[in-house]
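Lettered A, B and C in written order, each chain numbered from 1.
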Amino acid sequence: MTRKVTTRFPNYLFTRDTNGRSIAKKASIGENVHLGSNVTIYPKVRIGDRSVVMDGAVLGRIPLPNMTMNRPVTSEYCDLVIGPESIIGCNTVLYTGSRLGSNVLVSDLTSIREGCSIGEGVIIGRGVMALYDCRIGSFSRIQDQAHLVGNMVIEEHVFIGMGVMTANDNDVYTSRFGSTAVCFQAPVIRSLAVIGTGAVLLPGIEIGMGAMVAAGAVVTRDVPAWTVVGGVPARHIREIPNEWRRAI
Amino acid sequence: MTRKVTTRFPNYLFTRDTNGRSIAKKASIGENVHLGSNVTIYPKVRIGDRSVVMDGAVLGRIPLPNMTMNRPVTSEYCDLVIGPESIIGCNTVLYTGSRLGSNVLVSDLTSIREGCSIGEGVIIGRGVMALYDCRIGSFSRIQDQAHLVGNMVIEEHVFIGMGVMTANDNDVYTSRFGSTAVCFQAPVIRSLAVIGTGAVLLPGIEIGMGAMVAAGAVVTRDVPAWTVVGGVPARHIREIPNEWRRAI
Amino acid sequence: MTRKVTTRFPNYLFTRDTNGRSIAKKASIGENVHLGSNVTIYPKVRIGDRSVVMDGAVLGRIPLPNMTMNRPVTSEYCDLVIGPESIIGCNTVLYTGSRLGSNVLVSDLTSIREGCSIGEGVIIGRGVMALYDCRIGSFSRIQDQAHLVGNMVIEEHVFIGMGVMTANDNDVYTSRFGSTAVCFQAPVIRSLAVIGTGAVLLPGIEIGMGAMVAAGAVVTRDVPAWTVVGGVPARHIREIPNEWRRAI
């Protein structure tokens, strides 16, 4: 039911400056980067030119399992790459081994786990929690306090409203103890789709290109492209009007 | 579809003390103010007498746009005024240009954007995210993890439950690319109203004086004063009983 | 309607090291404990051997009331005990007077209030907010951004999904002003139960042993053991299949 994992915190070397910054010797900071006070930067972090890292942010931390965790976790430093002209907000926590494009904005008090790939110009709001291995396409926006499960796929120009919640394990009832195989199936959101405030997306569903999910909906089945759904459980409401399609 | 914004981080001067505090030379700290460790205080912050700022809090940060943001953002320091005897929690992030009354409690890991006006005695819980230009009337309470959209109006003695989500843009499907005009219409909550845990409030709706929204409701239309609504979408359930009105 | 509370921040003595750590002289740190940068550790914190406290975490803060708070709050340092081989995430805030068992994982940007009791091997995700006096049984898991109200009881091996919200006061409409007695009745979740992503649990309801609440459900009544409920409001869907019971 549980399984022992050795949790040893790797050694690393930091420099500590007079403004409260702890910067690993193996980190790489670009030109004209602004670092706020009290930031912590772990090894293998690479920050692109002209980026801003606000106060209290922690970049490149490793995942640390306790003995009861099901999913295997590797506590090793990998490259955390932040593209040029990006902004990382105050007290935000980015894990090791993710890749952010240029002009990405990650706001305050947000956390992004390891293995994520985030395209150019993406905006991620405050208090957002993204799990491991998420892919977020260029110019998509994730509003405050949304949750992205592990392995989630979000294509380009997607809009995800405040507090949207997602799930990736339909078999959690049995899989949580490791007694059955876990087959994580995260939601997939095709390009140009909009997910309304407070909606819930169940495991493995696909939101089609340009589709729209109404606020507060619970989506239990695939949503065809260019349609609007809403309610609990979410049902077809209408097609996306032609004038909307032309306007985007 | 996107638009270039010059993002330059303004220069400022800080003093750095031995307890990890970075305090801008142009900040004003009242008498008997307690500052925790590792706080960062930007220019034009004014903290009233006998207030407490807990560890890791960041006060007066400026908003920083990336190139893909629709809404114009001004990255300039304005007054952030915190009234006397107020409390700002650990690792909380307050933006520049807001105004908090006396005896305000903002708890841990919360963020309040620029231009907000928060009355006397307001309590704001942990993990709350308030966007720009919100008005919160005296003695209102915003519970943990609630989200307040930009321009939201909350009158006095309002109670907003945990995880309540709000929206302010019914036209987000088309407005998100800037190709149609954006007309933000935030919810308005009249005095003495109660919003239940996990409710979702849609753009432009008005919750009448003393009304009550049940937990988990999705409110798509105005709620008349002194009525109770609930469900998805929210429907009229009953009038507020007279004995309740007398008791508040 | 409101009531004056004297808010005085107690005096304490800290040592400040070169890595930005503020550690109260009365704190007790076990052997082979890793402390990240910029952590703040208040008096009466006791950290077990081989535990890890990540960067920016604040351990042992006292609750501080403002003048408008209904519930009496004691601003005194009590023991905050963290068992051996536990992990506390980045920028997380633990209050004074709670007790965490061994091998507990509390992830980043989470806050746990005073008086909580957390069993061995519990996993608490990122952005979780637990209020005062919660009990969480051994090996239970609380996913990211969930909210646990005050006095909540969670037995062993429970799984609580992302963004689950809870409430503990059915009389909030009148009790919020202190004009009627408050009788907090938090949800009780019996062992082996599963609560789906984004569900809302109302005051005083009991989720029976091994029961399952579907994602997005609003639970307004007790849920019998070994049954599945879902919807708004939540209704009986089926019994838990025998093969599921055997698999856990």
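In this text, a contact is a pair of C-beta atoms (placed from the backbone, for glycine too) under 8 Å apart; a residue touches a chain by one contact, two chains touch by 3 or more.
Note that the coordinates shown come from a computational prediction; the quantities given were computed from them, not determined experimentally.
**Q** Would you kindly give the rotation angle relating chain B to chain C, two copies of one sequence, based on a CA superposition and rounded to a multiple of 5 degrees?
**A** 120
**Q** With touch defined as above, tell me whether chain A and chain C contact each other through largely the same residue numbers, more than half shared, or through different ones.
**A** Under half of the interface numbering overlaps between copies: different.
**Q** What whole-Å value do you get for the distance between chain A and chain C if each is reduced to the mean of its CA atoms?
**A** Going by mean C-alpha positions, chain A sits 24 Å from chain C.
**Q** At least two other chains touched by the same residue of chain C: list those residues.
**A** Answer for chain C, listing residues that touch two or more other chains: 20, 38, 56, 91, 109, 127, 145, 163, 198, 232.
**Q** What part of chain B is in contact with chain A in the complex they form?
**A** Within the complex, chain B touches chain A at residues 1-2, 7, 9, 14, 16, 20, 22, 38, 40, 56, 58, 61, 64-69, 91, 93, 109, 111, 127, 129, 131, 145, 147, 149, 163, 165-167, 172-174, 176-177, 179-180, 198, 200, 202, 218, 232.
**Q** Mind pulling up the chain C residues that touch chain A in the complex?
**A** Against chain A, chain C makes touches at 18-20, 34, 36-38, 50, 52, 54-56, 85-87, 89-91, 103-105, 107-109, 121-123, 125-127, 139, 141, 144-145, 157, 159, 161-163, 194, 196-198, 212, 215-216, 231-232, 240, 244, 247-248.
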